[in-house]
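Have a look at these structures, which come just after this line.
Both complexes shown next keep chain A, but they swap its partner, so chain B is in the first and chain C is in the second.
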Partner chain A sequence: MVDLTHLRTYGQIAWLWIRAAWQYPTSFVLLAVGNGMITGLDFVGLWIMFAHLNDLEGFTLHEVALLYGSASLALAFADTAIGSVERIGTYIRTGRLDQMMTKPVPLLVQVCADQFTLRRLGRLTQASVVFGWACTYVDWTPLRVVVAVSMLVSGALVFFGLFVGFSCIQFWTTDATEFANAFTYGGATVTQYPLNIFPREVMVGLTFVIPVAFVNWYPCLYLLGRPDPFGNPEVLQFASPLAGVLTMAAALLVWRSGVRHYTSTGS
Partner chain B sequence: MSSDPGPLIDVRDLARTFDVRRRVEGKRRRVRDEVHAVHDLTFSVAAGEMVGYIGPNGAGKSTTIKMLTGILVPTGGQVRVGGLDPSRERVQLARRIGVVFGQRSTLWWDLPLRDSFDLLQKMYRIPPARYRENLARFVELLDLGAQLDTPVRQLSLGQRMRGDITAALLHDPEVIYLDEPTIGLDVVSKGRLREFLRALNQERGTTLLLTTHDLQDIEALCDRVIVIDHGTSVYDGSLAGLHAQGGSSRTLVVDLVDEAAPIDVPGAQVRNVEGPRQWLSFPSDASAAPIVAAVASAYDVADLSIQEPDIEDVIRELYSRGA
Partner chain C sequence: MLHVAVATRTFRRYSTYRAATLAGIFTNSVFGVIYSYAYLALWNENPTAGGYDAQDAVTYVWLGQALLMTIALWGGGTTDDLAERVRTGDIAIDLYRPVGLVGWYLASDLGRAAYHLLTRGFGPTLIGIVVFDIALPASPLHAVAFAVSLVLAVIVSFAIRFLVASTAFWLLDQSGVKVMSGAFAIFFSGMMLPLVLFPGWLGTLSNALPWASYVQVPADIWLGKHVGTGLLAALGFQVFWAVVLLAACQGVLRLATRKVVVQGG
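And then the complex of A and B:
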């Protein structure tokens, strides 16, 4: 699956979409700025909250900013890279998926690259700024740098997996975007807060079912040198890459069975 | 190229069943119905053939094309294209076939035509020299030179169709499937497109499978016609044979200078009279010349035109006679 030539083809398709978007530069800039402002308001919301509180279940503003920035960065990256996989239902209805199936490039590569847009550049920028600011409060050690980098990569992988996996529902019911969004964007929203403000069941669900806790919560606990408030084993704080790979692998399996279902029903 | 000279497309007892759920009054659960979109379909196409694949809407044409391209898995029988099993070896097969879905463009709407072609070169990994050569040849044959640097959204329907056909051919496919390629085009564009497809077939031996409602497409291009109805082949042979078998007729429309009694000439029957205009039908395989001559010598004729039989009528006739 992960073949470098496919990655190159992905880049070539994406590049064409960027150039196509540039045919309307004003619209492109307005969308990116608008997107950045909306996500920016997200963080302003947290800021206002902290103007009235000193901490959130023991987490200070810059600690929450670290959680928020890292999750937001991973989400923005995943959304930019493969966000169009959400539109499979539309591709099925319009026959575009059939067209893609007659091309000698794996379907997933084509679907993900299709209508590639840098509209999320706004979110990416905003997330980078927040994350960068929060990083200045971290007490860095070499291992923490490694954990931070692996957190961002694994976080993106977890979201890749969730996007692909939940979008596959559309192979069975051609319109289920909202349902899928509840898990992808919904999961991302929850991770903006320290998990210990939620009941224990939420933490269990976000660890073992929709593993977004590995996107930021566990590795951030390590970066901040905090003991796990739920008393979970410390090894979880290093398990993000495993969670990313497992989520992605599960998603690819779902994808394959989705495509098989499609080619055997033609719906 | 394989050393085996067997047919390029080989379809045997092909079947495709769909489950359709249907609501029935009084039952809570929906009832499952089996729809046989394609069944007992057998045909083969040799390399270099130009075949018209026709039939009424819903007859199973696109289901067949989807199985030939690997988009759909058959539920019965077997299909081989160039020795490959399309649904299992879809990506490999894609390098060897070209597909044009009439009303759906694969071109980049907002970018010059050339950009879409360049991307296809990369997707199909066409050697640069071969790509340049093909592009130059197709652009010349299809008269697209001036449009190469025009955004696709500014092209006319005919130009876009020619662009789509070029896009499907750049990688030298052995077989090309065309779905309604001339739909919506004006007469000049249709003619040019047919000419191009014929040249392509002669120069490169590209096999062509054409679905269309336009009988003239078939007449201009195809030596062979496969008619499908209710999911299975009801005729496979020459176009002339189809007319003979379907017992179809052509219509001579005569505009007389003055109103007259129904025209009486040998070989044709008057079907309708409306003032000075009369409709005469005569068998499709008969020549129109003697009839036209007979009418012209006996009457004062203001105008004449010949209407070809509608392919749908021919097929309906064929099917109702239980062929």
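And then the complex of A and C:
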């Protein structure tokens, strides 16, 4: 399992980058505020949508806020912790990956901690506020608390997996960074809305292929005490941890084969 | 002639990254599909929201995805090169060249925009036409006006990005200001949600700010929401902001050159 010394190394590298970013203090503050604003305005957008609506396919603003907050929080955790893995194409192109390979720290730890940035705290704060607000409308039971906590952890795991897995495409083609965005940020966007606004095929795809439906949709149905609009079995509402672990495992496999495939650019 | 040469070189520079372009078209299209369904759900519930019908709304989504890179909504484009040259001090060389800096970078950015329009613009638009049956321009006149409006949109966006990059003269690093500016651009351009849906004073304000030139104005022209003098007024709005902001760029550059301290000797 997770080796604690690696976690410590990760922390040290991350701390190094925080201090480096602080060399431009104005930029540092503006970056954090700006990122918070981008996601904050995102929610204002949803709110404006509801000025023209009573409900979105049967979901009220509070319920959509719960979906939005939980997905955004999961993405924020993953993005803050390992978002740098997106930059792997740059490391390959510039030869930095070769340097990293010579160091006695696992490659994945180095890549994830590299260019660690606290600016994503903006998103984390904003997502927490929206999620907290939406939570006040949930009719809590002990089991719902358990499901909510496992939803956030599993959601972060799913996004961890998507970030790592899709970034590996860059081992084969180094400049296709944006391809991964369709699944990571696209996954975060798709989960902002109730899944029943999409056709059935999309629901199937987001359950079995890119399992972002487990990030918030299924557990939130349970938290809200709603029947599944697609008539899916209720057991899916508790399956998020499984989806998280499976996504993560698949991503690590892809990562290993990516690293094996890697041959230096040689320049 | 010089500026045309600059523009074509930049066009070619951007066209080097083919896989990146394909990945980008794919990603824009995924977002196009997501937003299309979200808007369809909205207009299904409220069929006349903001004076659009469902087809207008879906067309708007795909136009937004097509314009995203062309107008460099997130910031970036060739003005990133400028900011980097300020940070490294190479800007000193640029400043004693016998060519205006604003014109040089504008030409370069138009070259970039042309490449992004041909690839990242046409790609998602085609997918939108095939998959979601989006509306075509209301008339040939509107198609021509849309093209003009698009050039103006790039110029307005360039001027704002140039101003953002110029902050590097004082802050040395533009990234913070760039993210802030990007946040405003996404919200006030109508990229996130059409400005026609913005209620009351927020709607009035956002339709008066320069960012409205990015997506809302060109999209409304495409959809045929402006006719006759209204069409001229829409283009006039963009010209106004283009002129004001380009003048601001010149002004800021004059201030900045007085302040240039070349680093690293």
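Criterion: the second predicted complex is superposed on the first by the 261 of 267 C-alpha atoms of A that agree within 3 Å, B and C clash if a C-alpha of one lies under 4 Å from a C-alpha of the other, contacts with A are read in each partner's own complex, and residues count from 1 in each chain.
Keep in mind that, in the parts below, a contact is a pair of C-beta atoms (placed from the backbone, for glycine too) under 8 Å apart; a residue touches a chain by one contact, two chains touch by 3 or more.
Quantities reported herein were computed from a predicted structural model and do not represent experimental measurements.
When the shared chain is aligned, chain C comes close enough to touch A:N54, but chain B does not. In the superposition on chain A, contact of A:T173 is made with chain C only, not with chain B. Which of chain B and chain C touches more residues of chain A: that partner is C.
Of the two partner chains placed around the shared chain by superposition, neither chain B nor chain C is touched by A:P241.
In the superposition on chain A, A:G45 contacts chain C only, with no contact to chain B. Of the two partner chains, chain B is the only one that A:S264 touches; chain C does not reach it.
Chain A residues 24 lie at the interface with chain B in one structure and with chain C in the other. By the touch criterion stated above, chain C contacts chain A in their complex at residues 17, 19-20, 22-24, 26-27, 30-31, 34-35, 37-38, 40-42, 45-46, 49-50, 171-177, 179-180, 182-183, 186-187, 192-193, 197-199. Chain contact summary for the complex, chain B toward chain A: residues 18-19, 63, 66, 69-73, 87, 90-92, 94-95, 97, 99, 101, 104, 106, 108-111, 115-116, 119, 122-124, 151. Chain contact summary for the complex, chain A toward chain C: residues 24, 26-31, 33-35, 37-38, 41-42, 44-45, 48-49, 51-57, 119, 173, 175-179, 181-182, 186, 189-190, 193, 197-199, 202. Against chain B, in their complex, chain A makes its touches with residues 8-9, 12-13, 16, 19-20, 23-24, 94-96, 98-99, 101-106, 263-266.
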